[in-house]
Amino acid sequence: MLPVELIEYENASAEVRSVFDDIMATRKVDKVNNFWKALANHPVTLRRTWESVKQVMAPGALNPLTKELIYIAVSVTNNCDYCIHSHTKAAQKAGLTEEAFGELLAVIGMASETNRLANGYQIPLDSASQ
Amino acid sequence: MLPVELIEYENASAEVRSVFDDIMATRKVDKVNNFWKALANHPVTLRRTWESVKQVMAPGALNPLTKELIYIAVSVTNNCDYCIHSHTKAAQKAGLTEEAFGELLAVIGMASETNRLANGYQIPLDSASQ
Amino acid sequence: MLPVELIEYENASAEVRSVFDDIMATRKVDKVNNFWKALANHPVTLRRTWESVKQVMAPGALNPLTKELIYIAVSVTNNCDYCIHSHTKAAQKAGLTEEAFGELLAVIGMASETNRLANGYQIPLDSASQ
Amino acid sequence: MLPVELIEYENASAEVRSVFDDIMATRKVDKVNNFWKALANHPVTLRRTWESVKQVMAPGALNPLTKELIYIAVSVTNNCDYCIHSHTKAAQKAGLTEEAFGELLAVIGMASETNRLANGYQIPLDSASQ
Amino acid sequence: MLPVELIEYENASAEVRSVFDDIMATRKVDKVNNFWKALANHPVTLRRTWESVKQVMAPGALNPLTKELIYIAVSVTNNCDYCIHSHTKAAQKAGLTEEAFGELLAVIGMASETNRLANGYQIPLDSASQ
Amino acid sequence: MLPVELIEYENASAEVRSVFDDIMATRKVDKVNNFWKALANHPVTLRRTWESVKQVMAPGALNPLTKELIYIAVSVTNNCDYCIHSHTKAAQKAGLTEEAFGELLAVIGMASETNRLANGYQIPLDSASQ
């Protein structure tokens, strides 16, 4: 089980290949990341996760870059090194600049600090009128 | 110490009042949130935190709404109920729509799921060329 | 199961009472906190947890107040409201002042901020000589 | 963006150098840690973070060693490997002994256990008189 | 946005009702939990989340009770009070006894303690042969 | 202190050896994991932790495999790489199959997603009758 086997396209079942094909077509790339190769060990999780990510990350009221910034913010807070790397790369492709990356991390750090202060002081919610 | 005393303007020291004044002037509001009233118990933390928040949340390469979305993403992941409430209200003032709020939470949820999958499978970083 | 039943001394088994007695004797108090009344639903956990807490929190190389500060730091970071309250009260009994409480929360907040910055930037360990 | 560029003194701007100089002078060391070299990619974050750390970690009602222990407790709970290493080294310089380090980790572990028990059982706050 | 509007069946769109209908039919209940009424504010998230939960929680190599125990373990560790309550109730329906609930929380607490010890000591992975 | 010294049997004190002996006898193995070799730096923590783990992980209302699954769920959520590895290996010995491992991670991921949704929407508890 661990270390996880990364399943390459040439060794994948037809079921897995059809998901890999859709990832590559949707993202206009010619290979898939290790994340998908690992999930391929459990094809039902692979398909469900991909269908969900495809839906959630599609442009909508929020644009793709904004969604990537949110993804990075969650990944840093959850400490997922793999996800920090892969979504920072995705954000770069979507237009993230060095300056914006610096601001992103500054906001993440500041929020973490005030989150702890608010919880440490057990601050009551503001009344609705504030 | 707990429950925390919320220090109101009329009972605040000159030092605390000058920070409260700057918060109200900067934000164009006529009162401060409970967060600041609680921090007023430790004036040096009050001033430092406000100066930092003012700098970090100012418009830059990222606009104020995007910064609020990142703040909410971190606050949900850290489970700060107070911060979720106050920054959702701030985001609303900055233009957050119901649809965008729904997408924000969907991305937060999806990132949390894939963060755990990536860590659970202990997926190795992609090579630089991917 | 939830809401948890708080088991009062008068309704407790002899096994539970003997743990309650030891808590009250060790702490020189005449009742036990809700934490212990809740654990009394699973007496083996009650006894094990009390024996462990008694050992870990006893004075040693670190004094009792310092241990309470560490306990609060962990509890704030883990978001345990119950624990923040009970250990802040315990720290107060052990001598925590308002000023020290303010500094404690300031350090907790600052550490949380720099933790996220270090993870967000994926900063490599310093070499041994630094 | 990732891997982060560590900015060395000799390649740093005057703005960054002035912060590095203050860090080295304040800490009486002749180089800065990777943390600061990484933050130097966003000079405004570098300066703000350093000014904050300098204020928060200065001796006050809590002594420097106690502050380092709190920092380590938060860093372990947040899973920041870099911070665990650098603050354990700082605590050692401030006088942390092997025995105290063992007690520190024991308290961190115990608090994490009881935090989960209290949240798992959803234990209500003790009344004020307890 | 907050407080969240809970959308009742009688006020729901046809799209939302069809998901509510499937939840009630699958679970053999005659109303849906607040969780689904809240997600109904973003129907695409409602449908996707329900389809995913339905797939993931169906009996498989792991039985439904075991899956609920895992769900509770994650929810306690993530501090989701709502989820702790609803999944403990679901586990009860699936056969969880008081004794097993006590053991579940004991394992969760113990794992949290040793997780922090392992991270605090930065313990290297065992070699493959261990 | 860091990097932690792993204390081997041949260099261990009699006190540490007696714990190592009990671990090996209880688990029917001929060496102990790095976790115990690291804890041996603080013998009182070594003994207490081992006695607790031995009690908590013994067969009871929940069987050993189920307990290992819960342990893994907590370890993934807390991001303890060491613990994920060692308890996945322990679960394998207790009968975990590849398919069950895939389902375990799917449940962990799903719970993490809905935990964030429930907290993000700040969903109120269901009334008791639901």
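Order of writing sets the labels: A, B, C, D, E and F. Residues in every chain begin at 1.
Here is the rule we go by: a contact is a pair of C-beta atoms (placed from the backbone, for glycine too) under 8 Å apart; a residue touches a chain by one contact, two chains touch by 3 or more.
Quick caveat: nothing in here was measured; it's all calculated off a predicted structure.
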{"item": "Recurring contact interface, reference E-F, options A-B, A-C or D-E [over half identical by residue number]", "value": "A-B"}
{"item": "Contact-richer chain pair [B-D vs C-E]", "value": "C-E"}
{"item": "Same or different residue numbers at the chain A/chain D copy interface, by half rule", "value": "different"}
{"item": "Whole-Å separation of chain centres (CA-atom averages), chain C against chain D", "value": "21"}
{"item": "Centre distance in Å when chain D and chain F are each reduced to the mean of their C-alpha atoms", "value": "27"}
{"item": "Chain F: positions in contact with at least two other chains", "value": "2, 41, 44-45, 48-49, 52, 56, 74, 77-81, 84-85, 99, 102-106, 108-110, 112-117, 119, 121-122"}
{"item": "Chain-level touch network, classified as line, ring, star, complete or other", "value": "complete"}
{"item": "Contact set on chain A toward chain F in their complex", "value": "1-2, 41-42, 44-45, 48-49, 74, 78-80"}
{"item": "Chain E residues touching chain D - in the complex, by the definition given at the top", "value": "72, 76-77, 79, 81, 84-85, 104-105, 108-110, 112-117, 119-122"}
{"item": "Residue ranges of chain E touching chain F (in the complex, touch as defined)", "value": "2-4, 6, 31, 33-35, 38-39, 41, 45, 49, 52-53, 56-57, 60-62, 66-67, 69-71, 73-75, 77-83, 85-87, 97, 99-100, 102-104, 106-108, 110-119, 121-126, 130"}
{"item": "Chain B to chain D touching residues, read off their complex", "value": "44, 48, 52, 55-56"}
{"item": "Of all residues in chain F, those that touch chain A in their complex", "value": "79, 84-85, 88-89, 92, 96, 98-99, 101-103, 105-106, 109, 116"}
